[in-house]
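Structures incoming, each one as C-alpha cells.
Look at the two complexes coming up: chain A is in both, with chain B in one and chain C in the other.
Then we have the complex of A and B:
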C-alpha cells in the first residue's frame, strides 16, 4: 500500500477522534434537552482562548491550563442552559436554535473585542512518531488518545452512575421520567454542563493543533453538526462512528485533491445521506 | 361593489406615494455617508425579505448566504472575464442562484427533509458554496476577494457603475420588487397552500396541494431575491468577498435581521435591516474600528432577547391589533405559528 495513502487514512482516523468529542457533547445535549446548540463550536473557541491565555500570557503550566479549561467551559455550558435555553424550552425548536445562534455572535464578538482577530498559536509541538513506514504527528496522536479516553469516561458516566442512568432514561422518554421521581430540570442542567465539559476537553485537544481566532469555530462547527445528524441526532454510537467516517473522507479527499475540496465532498456526502437516510446512517 | 376594491386602492396608493418620496431622497443631496447607509439598508432588507418569504412557512434556511454569493460571483466573473455587463450579469446570476436553489430544493422536498434537517442541509449547501469560492482562488481571488474591473470612462452606465444616487434608485427598485413579490404571493392561492403545508404536510397533500411544487415555487422566488441582493451589493461595493457574501456568518445575519424585524410581516425584514445596519453603524461611530466585535456582541444579545421575549419581531408588535380585527389576512398569518410562543 502506498505509504502516503496509509498516512492519509491514519490522519483521517486521528481527525475523526477530534471530531468525535464535540459530536458526543452535542448529541448528549440534543438527546437529553432536545435542543441544538448552534454555538457549540464557539464554546470550544472560548476554551481554546482560555488555554492560550493561561499558558502563553499568564505563564501557567500547560496541564494546569487544561485543568481550568474543562470546568470553565462546563460552567459556560450550564450558564447557557439557564440563561438562554431554559426560557425557551417550550418554544418552537427553530427559536431555540436561533437563540443559540445569537450566543454564537455574542461569543465571537466578545472574543474579537478582547483578543482582536489575530491568530494566536500555543507554540507547542510534540515530535513526530514513526509507525513502520509512516510518520504520525505526536500532537495529533496524543489528542486522539485523549479523545478516546474522554469518550470512555462519558460512556462510563452514563452507564454506571445514577445521574448517568437518569440521563439515558430521560433521553429515551421525556414524559415518564418526571413521574419516576427524576427532576428533569436538574438533569438538563447536568447534561448541559457535561456537554460543556466535553467542549472544554475538545478545546484542549484542538488548541495544540489549530491557531485560535474568533472565527475558528466556523472552521469545524458546521461539520460537527453534520456528523451529529449523520449519526442520528441523539445517537451517541452513531455520532462516534460518523465522526471517523467524516474524518476519513476529509483526510483521504485531501490526499487525492485539495483540503478545500475534500470538505466539499464531505458536505455533499452529508446532503446525500440526508436524502436517503434522513434519520441517520446507523439507525436500526 | 366588492369589499375588496377599496382595500386594494388604499393598499396601493400609500406604497406608491412612499416609493415616490423615497425616490426623491437623492434630490435633497444628503451626505454621501447617509446615502451609503441607506443603500446598504435597502439591499440588506431585500436579502431578508427573500429569506422570510420562505422562512415564514417553516422553510428555515441557514444557507441563504450561498445565493447571495452565487448571484454576486456569477455577475462579477462574467464582467471580469467575458466583459458581460452587470445589466445582463445580474439576471444571469439570479438565474444561476434559482437553478442552484431548485437543484437543492427538489430532492429536499421530495425526500421530505424538514425542520432541523432542512436547516442543516441548507447550512451544508451554504458552506459548499463558500468553500468552492475560496478553493477556486485562481479565478475568484479566494479569501482575498475580487474587484470588478473599473469601466472605461464614458461607459460607466453600461457597466452599472454609478455614484450613490444612481445606486439608490437601483436598490430602491430591487427592494420594491421584493415587496411586490411578497404581496403577490400573499394574495395568491399559493400562500394559503404554503400555510397549510407548514401546518401539516400530510394533511395538505391529502387535500390535493402539490407540496413539492408549492415549496419549489417559493424557494425559487426566495433565492431570486437573495441573489439579486447579493449581486447588487457586490456591484455597489465593487468588491466581492466569500465571507461577506457566502457562508454561515452572513446566512445567520440575514436570518437575524428578518427575525428581529418580524418575518411574518411584509415590512418586517426591512425594519430588521434598519435595526441591524443602524446598530452596526452607530456602534462603529461610537466605538471606532478598534471595537469591531462590539456590533456582533450587541447583535447576539438582541437576538437572544428577541427569541425569548419578542419572537414575532418588532413588526409583530406593531401589527397585532389591526390584524386581529380584519379577518381577511388573519388565516394565512395565523396558521404559520413557526415563531409563535405557545399559549
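Then we have the complex of A and C:
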C-alpha cells in the first residue's frame, strides 16, 4: 500500500481517539441528564488555557498542569450543572439549549477579555516515531494512547461501580430510580462532573496539538456534535465507533484532497447518514 | 398497633394533578404479616403503593412506618429504611444484565456492604436467575423478569416488600410459581403488602386483605372471611 495513504489511515485512527473523548462526555451527560451542553467545546477551551497558562506563564511542570486541568474542568462541569442546567431541568429543551449556548458565548467572551484573541502555543513536540515505512507524530500517538486510557477508565467506572451501574440504569428509566434508593439529582451532578473531567482530559490532549485561542472550540465542537448524532445521541459505544469513522474520513479525505475539503466530505457523509439512519448509525 | 415495623396509613388522599385516585384510605400491616390489596382496575391499588414508597405525595392523611412519618422523606431514602417496592410491570433495566439489575437494587450504602451475601441468597431463592446472571434482563421470559424484579427489591434488605401485580401478564403456570415464591419469601419472615387483581390466588397466600373500590376501602378482613363473603365471591371469585 502507498505509505502516504497508510499514514493517512493511521492519522485518522489517532484523530478518532481524540474525537472520542468529548463525544463520550457529551453522550454521558445527554444520556443521564437529557440536556445537550452546547458549550462543551468551550469547557475544553478553558482547560486548554489552564494548561497553557500553568505551563508557559506560571512555569509549572507540564504533567502537573495536566493534573490540575482535569479536576478543574470537572468542577466547571459540576458548576455548569448546578448553576445553569439544574434550574432548567423541567424547562422546554430549547430553553436548555439556549442557556448552555449562552454559556458558550460567555466563555468565549471571557477568554477574549483575559487572554486576547492571540493564538497561544505550548511549544511542545515529541519526536516522530517510525513504524515500518510510515512516520507518526509522537505527540499524536501519546494523545491517542491517553484518550484510550481515558475511555477505558470511563468504561470500567460505568461497568463495575455502583454509581456507574446506576448511571447506565437511569439513562433508561428515571422514574423508577428512587425505588432503588438512588437520588437522581445526585447522579446528574456526578455525570456532569464526569463529563467535565472528560472535557478536561480532551483539553490536555488537544493543547499539545492545537494552538489555543478563544474560538478554538469551533475547530472540534461542531464535528463532536455531529459524531454524537451519528453514533446515536446518548449511545456511548456508537459515539466511540463513529469518532473513529469520522477521524478516518477527515484524514483520508485530507490525503486525497485538502484538509478543508475533508471536512466538507465529513459533513456530506453526515448528511447522508441523517437521510438513511436518522437515529444514528449504530441505533438498533 | 404501632410496632417496630408496622406500616400505618390513615385518611390518605392522593392523585395525579386534578385527578384524585384515593379518598381517605386507611390500612395497616404488622411485622411478619402478609396483606393483600385487591380490587378492580382503576381502584387506586397502584397509586396506594406509589404513595407508600414516596413516588406520589399524599394530599392529606398520615403515613407511618415503624412510627416514622414517611410523608416528610424523599422517595430515595425509603429503601434505606427497609421499604422495597417491586413496581407495576417490573420496570427492570432491560439493557443491563441480571446481576447488574441486582447491583442497582443494592445501591444504598448499607446494601452495598451485604451485596454478595444477599445476591447469593437471591440466587438460592431463584436458581434460574443464577443461570442467567450474565444475560440481559430484557431477553428473559416474563416470569424470569418478575423473579429478577423481586430479587432486585430483596437486595436492599427490606423489612417490608411491596408487590404491585406480580402476576400481571404471566401464563397461569408461571403465576403459580410466582405466588409460590412470594409464599416462601414471607415464610422467611419478611412483611409483604401485595396488590393483585388475581383475587383467588392472592387470598391463598395472605393473612388479611383490603378490597379497594374507586379509591376507598370497601371491605377488609381475614383471607378466610373474605373468601367466604358472598359479595366478594360474586364480584371477584366468579362464585355464585
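Throughout what follows, the second predicted complex is superposed on the first by the 284 of 284 C-alpha atoms of A that agree within 3 Å, B and C clash if a C-alpha of one lies under 4 Å from a C-alpha of the other, contacts with A are read in each partner's own complex, and residues count from 1 in each chain.
Here, a contact is a pair of C-beta atoms (placed from the backbone, for glycine too) under 8 Å apart; a residue touches a chain by one contact, two chains touch by 3 or more.
If you're wondering where the values come from, they're calculated on a predicted model, not measured in any experiment.
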item: When both partners are placed on the shared chain, which of chain B and chain C touches more of chain A; value: B
item: Chain B versus chain C as contact partner of A:141, first or second or both or neither; value: neither
item: Contacts of A:165 with chain B and chain C, given as first, second, both or neither; value: second
item: First (chain B), second (chain C), both or neither touched by A:173; value: second
item: Touching partner for A:182 - first (chain B), second (chain C), both, neither; value: second
item: Partner chain(s) touched by A:113 [first = chain B, second = chain C, both, neither]; value: first
item: First (chain B), second (chain C), both or neither touched by A:13; value: neither
item: Touched partner set for A:225, first chain B, second chain C, both or neither; value: first
item: In the complex with chain A, residue positions of chain B that touch it; value: 58, 60, 104, 107-108, 111-113, 115-117, 119-121, 123-125, 127-128, 131-132, 134-135, 247-249, 252, 255-256, 259, 291-304, 306-308, 311, 337-342
item: Complex interface listing, chain A residues touching chain B; value: 36, 84, 87-88, 90-99, 101-114, 117, 214-215, 218, 221-222, 225-226, 229, 233, 258, 260-261, 263-264, 267-268, 270-271, 274-276, 278
item: Footprint of chain C on chain A - complex, ascending; value: 162, 165-166, 168-169, 172-173, 175-184
item: Residue numbers on chain C that touch chain A, as the complex places them; value: 53-55, 74-80, 84-85, 87, 91, 93-96, 100, 103-108, 111-112, 152-153, 156
